[in-house]
Structures are given as C-alpha cells and as structure tokens.
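Chain IDs A, B, C and D follow the sequence of writing; residue 1 opens each chain.
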Amino acid sequence: MKIAEDLFDDIAVIRLSGKVIGGPELVEVKEAFQSQVNHDRRNVLLDLGGVTWMDSSGLGVIVSGHTTISRAGGTMKILNATKKIHELFIITKLITVFETYTDEKEALESFQA
Amino acid sequence: MKIAEDLFDDIAVIRLSGKVIGGPELVEVKEAFQSQVNHDRRNVLLDLGGVTWMDSSGLGVIVSGHTTISRAGGTMKILNATKKIHELFIITKLITVFETYTDEKEALESFQA
Amino acid sequence: MATTQLRIPSDHRFLEPAQVLIERIGRIAGVEEDELTSLSIAVMELVKNGMEHGNGLDPEKRVSIAMEALPGRVVVEVEDEGSWVPAEGIGLEPAEGEALMADRGRGILIARNLARWLDFSLSPEGRTRVTLIWPLS
Amino acid sequence: MATTQLRIPSDHRFLEPAQVLIERIGRIAGVEEDELTSLSIAVMELVKNGMEHGNGLDPEKRVSIAMEALPGRVVVEVEDEGSWVPAEGIGLEPAEGEALMADRGRGILIARNLARWLDFSLSPEGRTRVTLIWPLS
C-alpha cells in the first residue's frame, strides 16, 4: 500500500494505491486523515483508483476518517472506487453515506458548490 | 513462462521469459528445441535474459535440448543467463559444457566463426 | 485432488501472502479470473477474524485455511484456536442508523454477500470453523 | 512465532503458488531480498522431489512445507507421503563425464549448494522428511 497527497487550493486529495490489507498500514491511513484536520483542511477527496485490494478493514478506516473530518466541520468524498470496492460500499450500505465520483475534476468542483 | 523465437539468417534465437518452474511448460521448451532440428536449423541461441526463476528442471530441459541439437550436428549456446541462473550452471558444472554470452551481437557472430 | 492447506501465525504480515495464495489456488480450482478478488476478500475476512478475535493476535496461535475443489464449487474452511459460537443471523443484514458508522463489524456481512454460502461450526476438536462455499460457473 | 505450513496436492500447477509463498514467508522471516530466489529454488527442488518421487504425482497425496524462523536461521521441512532413505552423500558432488549430460539428478545438489545445511530423515510417522537450514545474516 502507498499513500500520496495532493493539495488543490483548499482541497486535500489523498491517493491510496496497492493492497489495503490490514495491520500497521491502516494506522498510516488513519493518520493521513487526522493530519488533514490538524492542518485545518476540511475538504478531503479520497482517491481509491489505485487500490487493487481492500476489505472491511479498509472500509473501517475510511469510515473513521469520515467521522474525524465531519466532526471537524469538513467533508470527505470518494473518487474512483473500482467495481470491486464499489461493491463493498453497496453491500455495507456505506454508499448511502459517501458521495462518490469517477471524474476528478467534477469531484474537485463539487467542493466549491 | 513464455517462449518466443527469432531467426537471424541461419541462427534460431529461442527466448524464454518468466518462471520456468516445471510440468507441462517444460515439454513446450523441449518441443521448441526439437522443432529447430526438424527445420534443419543447427545454430541455436537460447536467450535466458527474461527468465525470472528456474531450477534443476529447467536445466534438465536445456541439457536435453543441447543433446538433441548436438546429435543433429548443431550447436546450442546460452545468452544472458542472470546471476542466479549462472550460479546453477556453475553448481552443476554445466558451465563446462555450454558457451555462454552476455552480448547478443557477439553471440550471433560466434556461430559464424 | 487433495485439499490445499495453509496454516499461518496470527500476525498481520501473513495476510498478504495468504491472500496471494488464495487467489492462485482459486484459479487452479476453476474460479473465474474476475471473481478471484472477491473470493480472496471473502476468505480473508474470515482469516482476519480468526487471527484477531479467535487467536487474539497471539503469533503462537495459527489460523488454518483449507481449500478443496469439488464438482461445481470450491469449499474453504477457516479455523482458528478459539471456540466461538456466533449469534443467530450474524452478518445477514447491514447495520442501520448510528451503527452504520461503526469502525468495524462488516467482515462477516461482506463474506456472506460475496460467497454463496457461509456456515459456522466447531471442529471435532472444538475449534471455531467457518465454512465458505464458492460456486463455480 | 508459530510455524507456517503449506500442504499442496502433488500436481505441478501448485508449484508456482508454493514458490511465491515461500519467498513471501522467507521475507517475513528475515531472509535478504536478494537471497529469496535462491531460497525458493532450494526449497522447490525438495517440493518437486516430494511430488514426483515421493508421491508419484498422485494428486491425492500431498507435500507439506513447514517454515519456521529461529534465531539466526530459517528452518524448512519438506515432507511427502513416501518413506525414502537416500544413499549416503547424495547430491554432494556434481556429476562428471557422461553423467554430466543426464536429463535429471541435479535437484539435491542444487538445494545443498544454495542452503547451508540439508538433512534427510523419516518423520515420526515414517515419512520422508528433508530439513533445510537457511542462515540469516
């Protein structure tokens, strides 16, 4: 698993890639979310386009990030969930909680609205 | 494992790549050697540059190919054995049987000599 | 064909090797290429539960994964060193309301939804055994 | 850390998944990155022997690979369902002369040369067990 970050004006894009499979790496993802709050960034776009494998542990850490950011008055949205990952959001009904996008430009603009 | 073939004048270059790990794929390699003899090609250069994994079964099929080609009056030489594979040729003393090259041009020219 | 079996210590570092093996054995057993990820997700949910809940992440305790190809299906059995009897209907329905935002509690739900069939039992030695059936098309 | 164990049917299709697993477990056990291929070559020579010579490629018979990290070394035990007692000094010296060009007979020589230590015994159940020790630097 890899984590990369981009900043577009006041929107932080966190890009996960590889296998999100559990253990210490999930703590890293959690910290990436917490770090946005610490830097007073409220608009977070989580790019899952490069994630090749993820299970409920990955969902758990995304949900907890969403909660952290919401509590700080911010919003987290999801970009490019692959078909398999989208299926996990549907099975767990988390799809009702997250705004999901397949186009980065559109996703970034949605924060401005 | 993949097998590709190139023909330079009267020299057949057989390029193996991937994992040469045993079972039916070894039969394919054997057939690639036999096919040179069937087509009356006597100069065979075996390119191992793309082989990422090989063990004694791979050596066995190379030795048997060498025998097949020698019996038909031809020669088989080895190109680009990686460090790990070269080590196998040394351990087994097969290095005393095969001419090995690390430069394709040089290897091809050696058949002309 | 005999059963393939993998036993790993309860340590997160072994999850990835297990996931890779499950997909490769699934492929040999005849699972479609585009279903291999779902198979490994379902099985790994159970393996992770065995490591974490069954074995309390004690690296001296192991989780066993047995995979067998039978006509029309692959049967996977995941065993840990605990002896757990789950509540009736566990993982049948997604959480609602507040609970929807819990950090955990989605593993069995996901495994159940991806596989055709999931069953909890105790092995002859009294250990937690989860059986998953994956249909072959 | 408990032993990791893989049991596979005697079918060549399982060789590649086993090789991949051995390298991953070797990495976790602390084997250097550039030694992982040599480790997996050495172990797979034994696994292939178990499948072919010990089990006669009967897919109902299995080969077991157990890997354990101990201080300074990784111990690998490969067992099949035969009960073989090898000749003294097997695989200590490379073939010479005519025999150099034989199709087979290089597996144990290679395993011996790549690993620090190789030993043949029978398990308590009387089955062929080959033990390989890989030093950690």
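Criterion: contacts are C-beta pairs under 8 Å (C-beta built on N, C-alpha and C of every residue); 3 or more make two chains touch, one makes a residue touch a chain.
This structure is a prediction, so every number in the text was calculated from the model and none was measured.
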Separation of mean Cα positions, subunit B and subunit A [Å, integer]: 50
Rounded Å distance between subunit B and subunit D, as computed from the means of their C-alpha atoms: 26
Subunit B and subunit C: spacing of chain centres that average the CA atoms, whole Å: 44
Residues of subunit C engaged with two or more neighbouring chains: 13, 16
Pairwise touch network: line, ring, star, complete, or other: line
Pairs of chains satisfying the touch condition: A-C, B-D, C-D
Subunit B - residues contacting subunit D, complex: 19, 21-24, 53-57, 59-61, 63-64, 66-67, 84, 87-88, 91-94, 96-97
Sites on subunit C touched by subunit A in the complex: 12-13, 15-16, 19, 37-38, 40-41, 44-45, 48, 94-96, 100-104, 106-107, 109-110, 113-114
Subunit D partner contacts - residues on subunit C that touch it in the complex: 1-11, 13-14, 16-17, 20-21, 24-25, 28, 59-62
